[in-house]
Amino acid sequence: MADKDYAYYPGCSLEGTGSAYDASIRLVMQALGVEVKEPHDWSCCGSTPAHAVDHLLAGALAARNLVLVQKMGLKGVSAPCPSCFSALKTAHYRMAKSKAFKDEVNELLDVPYEGTVDVRSTLQFIYENIGVEEVARPVKLALPNMKVAPYYGCILNRPPEIAQFDDPENPVSMDNLISAVGVEVVDYAFKMECCGAAFGVPRKDMVNKLTHKVLSMAIEAGANCIAVACPLCQQNLDLRQAQVNAAMGSSFNIPVLYFSQIMGLTYGFTPKELGIDKGVVDPGNLIETGPIVPKEVEKPKKTKAAAKEAS
Amino acid sequence: MTDKGYLPQDKWEPFIESLSNDFRVYAPCEEDGVITFQVLEKGKKVDLSRPSTSAPKGVMFPQSERLFSFDFKKAPESPDKMAVELDASTNMPETVIIGARPCDAKGFLTYDRVYLEVDPYYRERREKTTVVGFCCNGPFAGCFCTSAGGGLAEKEGSDLFVTEVDNGYFLEAITEKGKKLLGRPMVEDGASHADAASKKQEQASKALQKVIPGDPEPRISREAFESDAFWDEVSAKCLSCGVCTYLCPTCYCFNITDEARLEGGERVRSWDACMFHHFTLEASGHNPRGRKAMRLKQRVGHKFLYYVDKYGTIACSGCGRCIRHCPVSVEISGIVARLTEGAQEDQKAAEARS
Amino acid sequence: MPELAGKELRIVGFLCNWCSYGGADTAGVGRFKQPTDLRIIRVPCSGRIDPLFVVKALINGADGVLVSGCHPRDCHYSDGNYYARRRLEMLKQFLPFMGIDGKRFHYTWVSASEGQRWQKVVTDFTRQVHGIGPLHEKKEAAK
Amino acid sequence: MKVGVFICHCGNNIAGTVDVARVAEETRKIPGVAYAINYMYTCSEPGQDQIKDAIKKYDLDRIVVAACSPRMHELTFRRTVEKAGLNRYYFEMANIREHCSWIGEDRELNTNKAMEAVRAAVAKVMQDKPLYSSSFAVNKRVLVIGGGVAGMQAALDCADGGHEVVLVEKSPSVGGMMARLDKTFPTIDCSICILGPKMVDVAQHDLIKLYAYSEVEEVKGYVGNYQIKIRKKATYVDWTKCTGCGECMEKCPSKDAYDSFNFGVAPTKAINIPFPQAIPKKAKIDPTYCRQFTKGKCGVCAKICPTKAINYEMEDEIVTEEVGAIVVASGYGLLDIEKMGEYGGGRYPDVITAIQYERLLNASGPTSGHIVRPSDHEEPKTVVFVSCCGSRDKSIGVPYCSNFCCMYIAKQAILTKDHMPDSQSYVFYMDIRSPGKGYDEFTRRAQEEYGTKYIRGRVSRIFPKGKKMVVRGADTLLGTTVEIEADLVVLANAVTAAPGAPQLAEKLHISYDTNAFYVESHPKLRPVETNTSGVFLAGCAQGPKDIPASVGQGSAAAAKVLSMLSKDFLENDPAIAQVNQNACVGCLKCVKTCPFQAIVEEELRGGKVVAKVIQTVCAGCGVCTSTCPCGAIQLQHFTDNQLLAEVNALCLS
Amino acid sequence: MRVINLSTTSDASFIEQVKKESGQDPAECYQCGNCTAGCPYTEFFDYPVSMIMRLIQAGQKDTVLNSKAIWLCATCETCTTRCPCEVDVAHVMDTLRNIAYREGRYTEKDIKTFYEAFLTSLKNNGRIYELGILMGYKAKTLHLLADADLGPNVLVKRLIHFQPNKIEGRDEVQRIFKRFAEKRDNEKRDNQKRDHHG
Amino acid sequence: MNAQELRKAAKEVLPSVDVVIGQRAGFDPLHAEPCFATKPEDVDDFIASPLCVHNLASYLPSLKGKKVAVVVKGCDSRTVVQFLEEGLIKRENVTVIGVPCSGIISVKKVLERVSHEPIQSISFDNETVTVKTNKREEKIPLLEVAPGKCTTCQYPNPLIFDVLVGQKLEPRGSAEAVYDDIREFETKSLEERKEYWEKTLGRCIRCYACRNACPLCVCQESCIAETRDPHWMSQKDDPKEKMTFHMIHAIHLAGRCTECGECERVCPMDIPLGQLKKKINMGMKELYDYVPGINPEEKPPMYVFKVEEDKIEEHELS
């Protein structure tokens, strides 16, 4: 099992719109006995706007945070927000691949980045460094009403050379985590199609169309709840659900929870503690908990990579 | 012109330096803990504190020397005809060897008997070289000159003989060549130091006991010498390398090869060693001295029997280098001593009969 | 006959007959211009290259040595280039220890069809050797 | 020594940028060169005559030609000098065209380079030694590996030529991939109808000895004299008794065995005969499914078998065959579609491979020729074909074109319409590659007569939506994304090397490329030969190709075998390793590194151990020579001294 | 449809620039269309991704840099993940956007303004201040009512802070911006000089 | 090391072999020499002390066909293992008497410590050397006058033996430190390295002691330094030829040298020849994870290959 001594980089969204994600992650970590170590005085990773404008700037803004982790002497860092994860990991990857780029980035920094930090999404950290067996251990309650469609979005697993996690075409890590805490998941085809990302503000029209597709595919597959691992996805799918309905003439009313909130519920934390009340679409009776009914343990789905290793 | 000179301590180095202006001077110099005879140049220090690792024989008989060079010449109009141009010119400068030990100096006599008459290359070098011998203060590990007809103060073979005495150096001309050096600047009259020098030389001569019987030289028994078992035993550890012969002041075997390029080349004479397998390897692949026992026997036999048969004296000056530097401590003095025992008994028996 | 003084350095190339020699032919057929310094020795296989040939050439007058064989898995004799790779890599690491710039020796793989790759290898290696300069003191051109 | 040097102008090819007269003039100054001249075309008949005349007139004993690449004309000139009475190895070439005149721009530098090249060649030729071939007897039997159409063709042609043939087929029946096809393009012939008779011929030919369900275990020896170990895999059925009546198959209670003949389209029995036309038509037990093996009891087939052929105790058997030549026709494999995650390969039942579709189309297939969707066994109305599924895809390591997919997709689209007139087929393609005779007309017919809609673009994703599979691709000609809701998706998955191809190549000492296809001696001029003499290639083992090309190669390989076997004795190439037993110290490092096991230990009288080269096995690579620390084993014509002569000529000045 | 005169309009230096800055070789694209097929934004683009790649191959600098597509790409990495030629298409798109930004070509002004508002907030505070971005964006674009419908939900549920969360290392972040700006300015000057001399 | 125990062990082995090779006192107090014991009384001459500098395993291949027992130290045992790896000896013909070793002396270093004064006696006590000359007596820690190989010795105990005499010992220094001298040398510039080797190799007299003492120089009598066919080298006394010879020696030992140090010990000109082979060995370890003379089942790296080499990267041209 991989090392659990990783820093935790929450990122700006988790201080604002995604505060429930942050709260639930911290509670889940607490239940799993993993200490959350936040780098002191972290700054914004640069996110999409930085790399959209200039790669070098994006690299430097992200690398500043990698340097903080480097100072902490930890093996790596996990970021719950895929945008932060991608920014940090891309900076690391491109610096590792090109010395020229590394030198250029380091010229902009006060302290140079040495290239030693392993960057993971917090989802990956929980899935790989903690593992499904451990995750199942603190479960106290069942969520009998919930049928979850896990939604991965775009950059948690893509591009595979950089993300190096799960199967980019058919990710299963979130499915397996949610199954591991005893909650039913449904398979559907749009779990890694883009929801419109940061275009919510400047190009709402695009987000409406794309989000509409995702929501309808999930509902068609029989889901009554969507799990996400991204504050932006949550925003597009939940906060903007009414905008989608208005623009597309639909009448979706499907709650969108962070996977960590679902895990937290089974661990016995209250919806309030987990920030579930901060969601726009009311989950209603879906979050009603019940006693655990033992059932046949389902084998975790295999990712392509894992399958290959096994064979 | 006097035949005795003296150099006070502080003139010794300037004297040698002044020699360098007129001669190519070879002297024992230290480098990385190894003392070898080198051409004296600026920055090199003469080191006489102990015997050199290799003998100065290379001065007279170089490790490899060009005997002549050849060039193929063609006239453009008839490419199928080819002429060979030879160049056998030599260019040997007047040379002085400083600090030859008595054993080194005596070693040259072994060469003289073989080469002086027949080999122009050797002769030219010999004639142009003045050997400055150096009296030993005491023996070192392996030394056995006194058992080889020499001694720590043996002067035979030197042109000029130096004895460290009275805070300076007493110089004794042995030959005319040596005498010439006494006429050089800085050399003072040495008569007043002669007594001290001969006392010193006498002391030195006594410093080493004979380890091989026989006076002045050992004589070995043919019968013992022909025992295969003996050679198998003493050669078992031998590595068949060339340390003994290449460091030896009396070994003189050589090989001749043509080292050619497309347009010409050189005929080269280079040291060879009877301890090497290749030494007697025939083109057919047969080797009359295929085993190392035969080769060690050859080396000892050559020095203490065959050379004696031809020239009446042994071809060894007892410098002990072959013992000191042998990787496996093959001890020629011990081998010879064992071979002479029989000879001694034979002699006794003969005396008793008469 | 020496290389033309001042214009060329002495570079010796050992080429496997089946791939790289053919690759050099292909480059020729394609008229891919190259520096002229390289002199080619044809061998059946890069596995035939004793590292000592490289040593011999470098010690005796070459400023650079290039060895080129078939790409791994493409050896005409199935394994020769694998042995070559191990031996030449060993040499590559050893030369600098003796004070010979490792950049004077390069080994690579060029197939018979890779004329352009060959052109690039020759051009780049020649430039690399020129960048270091001569290894031996040059005698004046004899004629 | 009298060396003659002939410097070729090659018209203006060399003389244009090399001062050939000056090269000749300088060459005449080289010691040992007795004659040097420049001439317009040395390879021409008068050019060659000039060499012969000069050898006589000037008594030359070594010849150098400075001209083009030796890979071009070395053999030509060797014959020339041989005709003039010299040993053919007293000859060297200096390449002053490809390596000089064509690549250098400066006339002075080129001329100088040419002079040095000549100098090195002269230095080497002076070290050359006369070499002579020796001859050895040839075993006239032939081994053919692989009983697909290429292998069968080669076997039949060799056998018809009067030679005994040993045919080894890995699966229980010959026929290969072609036996699985429904129809063949562009004629829409029934595949098994044209192949069946050939299979029967193989079975009935007196000179063909068929080992079905067998594999080559070990190959030893050399051209003309191979010893082959063949593993006959246990079938648990005594084939000498089995009549192929099929009763066992009918009664076998284990019904869910994987049917590899049908690529898993439907299950089969644990004891089965792969298909009705199988040759040999014999049953075999699959022990992973047979209850006798998995549960330890059953024995139904043993009880029912009228000839008592069942033997559960059977074990693999190794037999040895001796042959003189080998034809490798080991066929191809298909890309595992699980590698195409975006197509849901392996996850969605209604996304299948083209060969599976072929079995669905086939009247003797598991659905008796009815096209049905695997998920619900309903007839599909909309079928989408995806070409280049994995082919030309660097990202999954298949950079090449699979050659025949374009054609069989057109065929399958046509057959789909034939089977289901109200269906609609779509084909996603990047390029339509149909360069064969009648091929392009065929793909046009699929579009024009059968209404197949061809969409120029690649498919990006396939996902389920209700009962449909949504195929989302690009139509680059329209310049946008298109989606088709299909009932069935057929993937033209890439052709790959056969599983185990590298291992077989290593047994045979033939080379394979990065994709594990076997490498021919020369892509143009020696397309069915390998670099190991006596081993020939046919069919898709060498690279993807269609049936006529495979059959053609099978015959071509057979022709090569027949021409080789027309001789009673073969001559070896004398440019091989030779041991100087005087110098050899018997460390036997050469034995360890020889890629061909051509060196053995030999004890001389007196007990000295030395290396010995088996002349006929040595291929002349020289690995031994560079391994031997004392230079005792020397590759003739490339000895240390010969190469050193070149090094010295180039370096010492 | 217009006729493109490739002899006069194909800009080789543009192809080189894209190649150099992105580290990707546009020539490797064989126009299979997979990127276009997978791209969730094709329906919004003026030129689909594969055509952007084709336009680069054809050296059509202005068409590419003035396209909306390069601004509408969300870098979801689908194209890169599926490209059979292993071209990092998303990175090429990103690079094009970088070049366009530097050259002052903003075909999708709102998106550019949003990005700048984001980076300004980052530069000022070290972290992102979501309300600040929104306000800054609205002020610049005059889309004063954008997302006003979300207001109650956002505010009631207190998803957005009213105060920026400033970090101690703001200076350090600002230094990154400063050095970055200097570096790009210098490059620009050097380029102009070279152009002038050339 | 205990001579009594060793003699006892050797006497027990002697009846089953033709010869037992040990070491006995040599011509002076500083030297031991190889001793070929065929009779019990020969064994009485055996000594066991830091004077026993010889790698006696070197003699094994030349005694092919005989039953031989040999006394080996840890480092020497690697030679035996390497012989087995290369098939140069048959295990059943060799009886290995292993002796754990805490270090040997370097004759050269001892002499330097006493300014080359003739040695009267030398004795050892708890890794301290006491040297007496006619002028002085010196007590020196053994490792200060031991050859370089002893100071970083990783194999004080024989890796292969049939009889072990004495107690096993701990390795000295870390395994990483073994190549520190090489790494340090490599901090010098190329010019400095070239000059260094031109100077030191310039002393070579081509006596071939290094080669003949080298246990793994299998060619010996067929060495290409002397043959005309093949004609790799001239017989000239030329710096290039000396350089060529020593590079041949080093390259032929690539992945085979067990670092016994005999080449360096026997060199009359004190040329640090072991460094050349050590450098190559360092590469062998880094590239192929191979250390010679450790595992008789392994194959030396120059005679095997991997289709995919893990550590070899394509070299870029600049």
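Chains: A, B, C, D, E and F, in written order; residue numbering restarts at 1 for each.
Definition applied: contacts are C-beta pairs under 8 Å (C-beta built on N, C-alpha and C of every residue); 3 or more make two chains touch, one makes a residue touch a chain.
In this text the structure is predicted, and so the values were computed from the model without any measurement.
Hopping across touching chains, the smallest step count from chain B to chain E is 2. Chain centres defined as mean CA positions place C nearest to the mean of all protein CA atoms. A comparison of the A-D and C-D interfaces places the larger number of contacting C-beta pairs at C-D.
With centres defined by CA atoms alone, the chain at the far end from chain A is B.
Taking each chain's centre as the mean of its C-alpha atoms, chain A lies 53 Å from chain C.
Note: centroid distance chain E to chain F, computed from Cα atoms, is 66 Å.
One simple way to say how far apart two chains are is to compare their mean CA positions; for chain C and chain E this gives 46 Å.
Mean C-alpha position of chain B lies 70 Å from that of chain D. Touching two or more other chains at once is no residue of chain B.
Contact of a single residue of chain C with at least two other chains is seen at positions 51, 56, 60, 73, 79, 83, 87. Along chain A, residues 168-169 each make contact with two or more other chains.
Every pair of chains in contact is given here: A-D, A-E, B-D, B-F, C-D, C-F, D-E, D-F. Listed in rising order, the residues of chain D touching chain B in the complex are 2, 25, 28-36, 58, 119, 122-123, 582, 648-649, 652. Of all the residues in chain F, the ones that touch chain D in their complex are 65, 86-88, 218-224, 227, 229-232, 252, 299, 302-304. Contact residues of chain D toward chain C in the complex are 26, 69-72, 95, 97-100, 102-106, 108-110, 112-113, 115-117, 119-120, 505-506, 509-514, 519, 531, 575, 593, 595-596, 619-623, 625-627, 635, 638, 640, 643-644, 646-648, 650-653.
Those residues of chain A whose C-beta lies close enough to touch chain D in the complex are 167-170, 189-190, 217, 220, 304, 307. The touching residues of chain C, counted against chain F in their complex, run 51-52, 55-56, 59-60, 72-73, 79, 82-83, 85-87, 89-94, 96-101, 103, 106-108, 121, 124-125, 127-128, 131.
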